[in-house]
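Below is the structure I would like to discuss, written out as structure tokens.
For clarity, chains are labelled A, B, C and D in written order, and residue numbers in each chain start from 1.
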Amino acid sequence: MTGYTADEMMAVEASRRLAEGMVCFVGIGLPSLAANLARRTHAPGCVLVYESGTIGSKPVELPLSIGDGELAETADAVVSVPEMFAYWLQGGRIDVGFLGAAQIDRHGNLNSTVIGPYEQPLVRLPGGGGAPEIALGVRDVFVMLKHRRRAFVSGLDFKTSVGDNVRVVVTDVGVLEPVDGELTLVAVHEGADSDTARAATGWELRVSEDLRETEPPTDAELRALRALRTKGAAA
Amino acid sequence: MTGYTADEMMAVEASRRLAEGMVCFVGIGLPSLAANLARRTHAPGCVLVYESGTIGSKPVELPLSIGDGELAETADAVVSVPEMFAYWLQGGRIDVGFLGAAQIDRHGNLNSTVIGPYEQPLVRLPGGGGAPEIALGVRDVFVMLKHRRRAFVSGLDFKTSVGDNVRVVVTDVGVLEPVDGELTLVAVHEGADSDTARAATGWELRVSEDLRETEPPTDAELRALRALRTKGAAA
Amino acid sequence: MAVVSLSDAIRELVRNGDVVALEGFTHLIPHAAGHELIRQGRRDLTLIRMTPDVVYDQLIGMGCARKLVFSWGGNPGVGPLHRLRDAVEHGWPSRLELEEHSHAGMAAAWAAGAAGLPFGVLRGYTDTDLAARTRVARIACPFSGEDLAAVPAHRPDVGIVHAQRADRQGNVQLWGIVGVQKEAVLASARSIVTVEEIVDELEPRPNAIVLPSWVVDAVCLAPRGAHPSYAHGYYDRDNGFYVAWEAISRSRDRFLAWMRRHVVETADVGEYHASLRQTVLA
Amino acid sequence: MAVVSLSDAIRELVRNGDVVALEGFTHLIPHAAGHELIRQGRRDLTLIRMTPDVVYDQLIGMGCARKLVFSWGGNPGVGPLHRLRDAVEHGWPSRLELEEHSHAGMAAAWAAGAAGLPFGVLRGYTDTDLAARTRVARIACPFSGEDLAAVPAHRPDVGIVHAQRADRQGNVQLWGIVGVQKEAVLASARSIVTVEEIVDELEPRPNAIVLPSWVVDAVCLAPRGAHPSYAHGYYDRDNGFYVAWEAISRSRDRFLAWMRRHVVETADVGEYHASLRQTVLA
């Protein structure tokens, strides 16, 4: 079986958690990759909603931006951005929302605003965008994040969104799920173990007693994934 | 010169007050007749907005209802009803709004809700519809109303809309305009005089010192008017 | 979402006592669905609609409604609704409670309902007697202090609209005057959409809105189901019928006879139209 | 409304110190108008936009802006905005004040502005650190008591958007991803729309919105005026340019040289594109 990258492992693992008919609020990058992979494999009826206003997009190539023309051309409906956030997200019609971030804490709270003090930042990040209300408005939040000490922190520099609805965090090391309100390592990818995860986590990471190993990407998954990447690769 | 009806006199008099480029919020019946007449005569660039959501409608025949298909087909834009009332009326983009009513008082307040007590009405009227916010949201309110004692009352049974923005009341007897906050007879139609108006008014009607006589409909106005009425006549 | 018969949809989704909205702004009025509510004898409904016209006159006259939430009730371009007036003025066939708004207030209540908010905000109701007679509150802008009106969101149990067409997956497309149909479906706990036809593919059209199948509970085929209202691109408004309704609805007996003949004793929208043709021929 | 040159429109309608919104959600970003603001040396602008990207990076780096009101600032799919970061992190070329919202908050502020309301309501900002860093208030539903967020309406001095086309009367038509363009125009005291072409007749299109001429102050012909963004049906997004901007904008000197060569020393959008072609050829 061919090799695969950490990104591919993350996309595959996230896509497996999407089921037929689920309505997903999708951002650019890995989330878009994961959701589109699900549509090409086990969940062709998975509905992709992009915050730019496209509902039911079926892109053939991965968009580089959430506003690419193909997302509108292949959509069931295109609505204004105010309508998207009011009628569709706040209206409670979205099952799954994907979020990324620069920092996450043990409760799934996320920071995509700033590293360092807000007024004198060391790094000014892009900002919250849709995250604060996606985190509140969808049923299940899926977080996708590289597993690094500087990202998995004991205290956020800034709380951009709240973790209440975070159901899973997929990293390049494994999978975390909330257990009694704290993110707990429940699975590791091929070649990693709980120590790998602990070493990459800035707090005392809880590990599930029945720690699983995730299924590596199948050839079919990798073929579908790589067929999608043409455009996304440009990023 | 041919004869004309009281309705035709009212429509013509109202249409003359519409100027090129004015944006008019139009209801069905006489207002629609007056606004469309203006478009066919001296103000072809007068913009007709119907509360059903059609902006810039150019109907060839008079609609029987504000939702007739022709209003959408000939419109520059069709918007949802919530958008019409929020972005267009409340947004302050309408110059002139036409209103009718069952009762009017000397301050231009209107009743289109009920005759008699609200809980035990003698006559249950259709209700306010767009009137309460049209009366607040447009620059100039034009009222069109048959001049009768039971309609021009000293006290309304119900205040459906406020008179603050009423600039003119066109009746089948003449024309009233607010002077120092009270509707005052400023003109009478051919064949009527101030006594006719006083007799048809339920309060002590003020009459302007320089009472004018309105210009009877011209042949051109009547031709244009009657060409429009085909469909409206059905009502 | 499933494509089902209208009678099944009404049977399964509408209960006595429900808050029900059959929306439409002159265009695409869901008459066929209203007739099915009458056939199945639904009772104690709270009916919501901005512009109740003939189909609400029929529902009220047949005793289906306990309460009406509305902003303008009449026979557009013709006159009053006699059954609505009879219910309000004389309590026939039963008392009808009214919750009365302005169009702007109803529109804001629909938008709030669709947006999952508990209330809508507008600059309205000011200095009118309506404010004292309806559910409206004053609210102050936390920044400017401006005093504005707040209306409670519409959240019906069932929202019912008519549309031009749907595809076999149940995605719905409507165009022309779109009114508050999208809001009525999105604001409701359950929704029924009757359509003129079911097609393989919803080819995009100017000014069309699409309601994805996953926000609709039942799509029902009901050709000419908006009559006497119209379906833009399918058939025109039957203005003659609205004029005729003035006479039909004026007397209780003639109204009841007409309803029996054309609604109660017909099985569906097809038989309804057949019965109308026979009456004209007779 | 009048069809005028973009330089005249900017000269007459945009003043130093104005609150200006160049809106667009990835699609139809009004780059040509942004470049003209830079050529004319506008200063102390408060810039509003949900998703500031390259054109705002350029305006900020050239010292046109005093304040930025936004919800997500980055180079979509590529990385950070180096000029925005430099201004915030090091005050170069000048300090930049930030008013930061969420997308949902910005969208509600735009809708409120278009509706002539002083504030918008949403279920948002709850339990985040954003609330303490921006203009947001809590408001209680007068019916349910639910605690919600209120954001002040956007009411810019000037709203600027790019559209596919306009007719000779100045009616504007745009389609594809429509973002908040309608709201940006309707919420602004003055508005400028740049278009790909002027046509005799706006033939209706699926998913198109029309802004009537009487809500637009100036319509300006600016072919390829959205580049490197795209105009649906006219040209694609120049993804390569967004990737290239990462390197161009990283250093102050290279950024300034690039801006001089392609914006400051070009007269209009035509010369801008000619200068880009020459660079590629060179």
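Please note the rule applied: a residue touches a chain if its C-beta (ideal position, glycine included) is under 8 Å from a C-beta of that chain, and two chains touch if they have at least 3 such contacts.
Every value quoted in this text rests on a predicted model; they were computed, and no experiment measured them.
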Inset, instruction - Would you mind naming the chains that touch subunit B and likewise touch subunit C? - result: D
Legend entry - Pair with more cross-chain C-beta pairs in contact, given A-D and B-D: A-D
Inset, instruction - Just give me the whole-number Å value for how far the CA centre of subunit A lies from that of subunit D. - result: 28
Inset, instruction - Let me have the rounded angstrom distance from the C-alpha centre of subunit A over to the C-alpha centre of subunit B, please. - result: 57
Legend entry - Chain centre separation (subunit A, subunit C; CA means) in Å: 41
Legend entry - Per-residue overlap in subunit D, given as positions that touch at least 2 other chains: 111, 116-117, 122-123, 182-183, 207
Inset, instruction - Would you mind listing the residues of subunit B that make contact with two or more other chains? - result: 86, 90
Inset, instruction - Counting only chain pairs that touch, give me the topology of the graph as line, ring, star, complete or other. - result: other
Inset, instruction - Just spell out which pairs of chains touch, all of them. - result: A-C, A-D, B-C, B-D, C-D
Inset, instruction - Please name which positions on subunit B make contact with subunit C in the complex. - result: 28-29, 51-54, 63-69, 71-72, 78, 80-82, 84-86, 89-90, 113, 118, 121-133, 136-137, 158-162, 231-232, 234-235
Legend entry - Of subunit B, residues touching subunit D in the complex: 21, 23, 47, 55-56, 76-77, 86-87, 90-93
Legend entry - Residues of subunit D touching subunit A in the complex: 25-27, 50-51, 70-74, 76-78, 80-81, 84-85, 88-89, 100-105, 107-108, 110-111, 122-130, 133, 176-180, 182-183, 207, 230, 232, 236-237, 239-240, 242-243
Legend entry - subunit D to subunit B touching residues, read off their complex: 111, 114-117, 171, 182-183, 186, 209-212, 214-215
Inset, instruction - Could you pull out which subunit D residues touch subunit C in their complex? - result: 116-119, 121-123, 135, 137-139, 141-144, 146, 148, 150, 152, 204-208
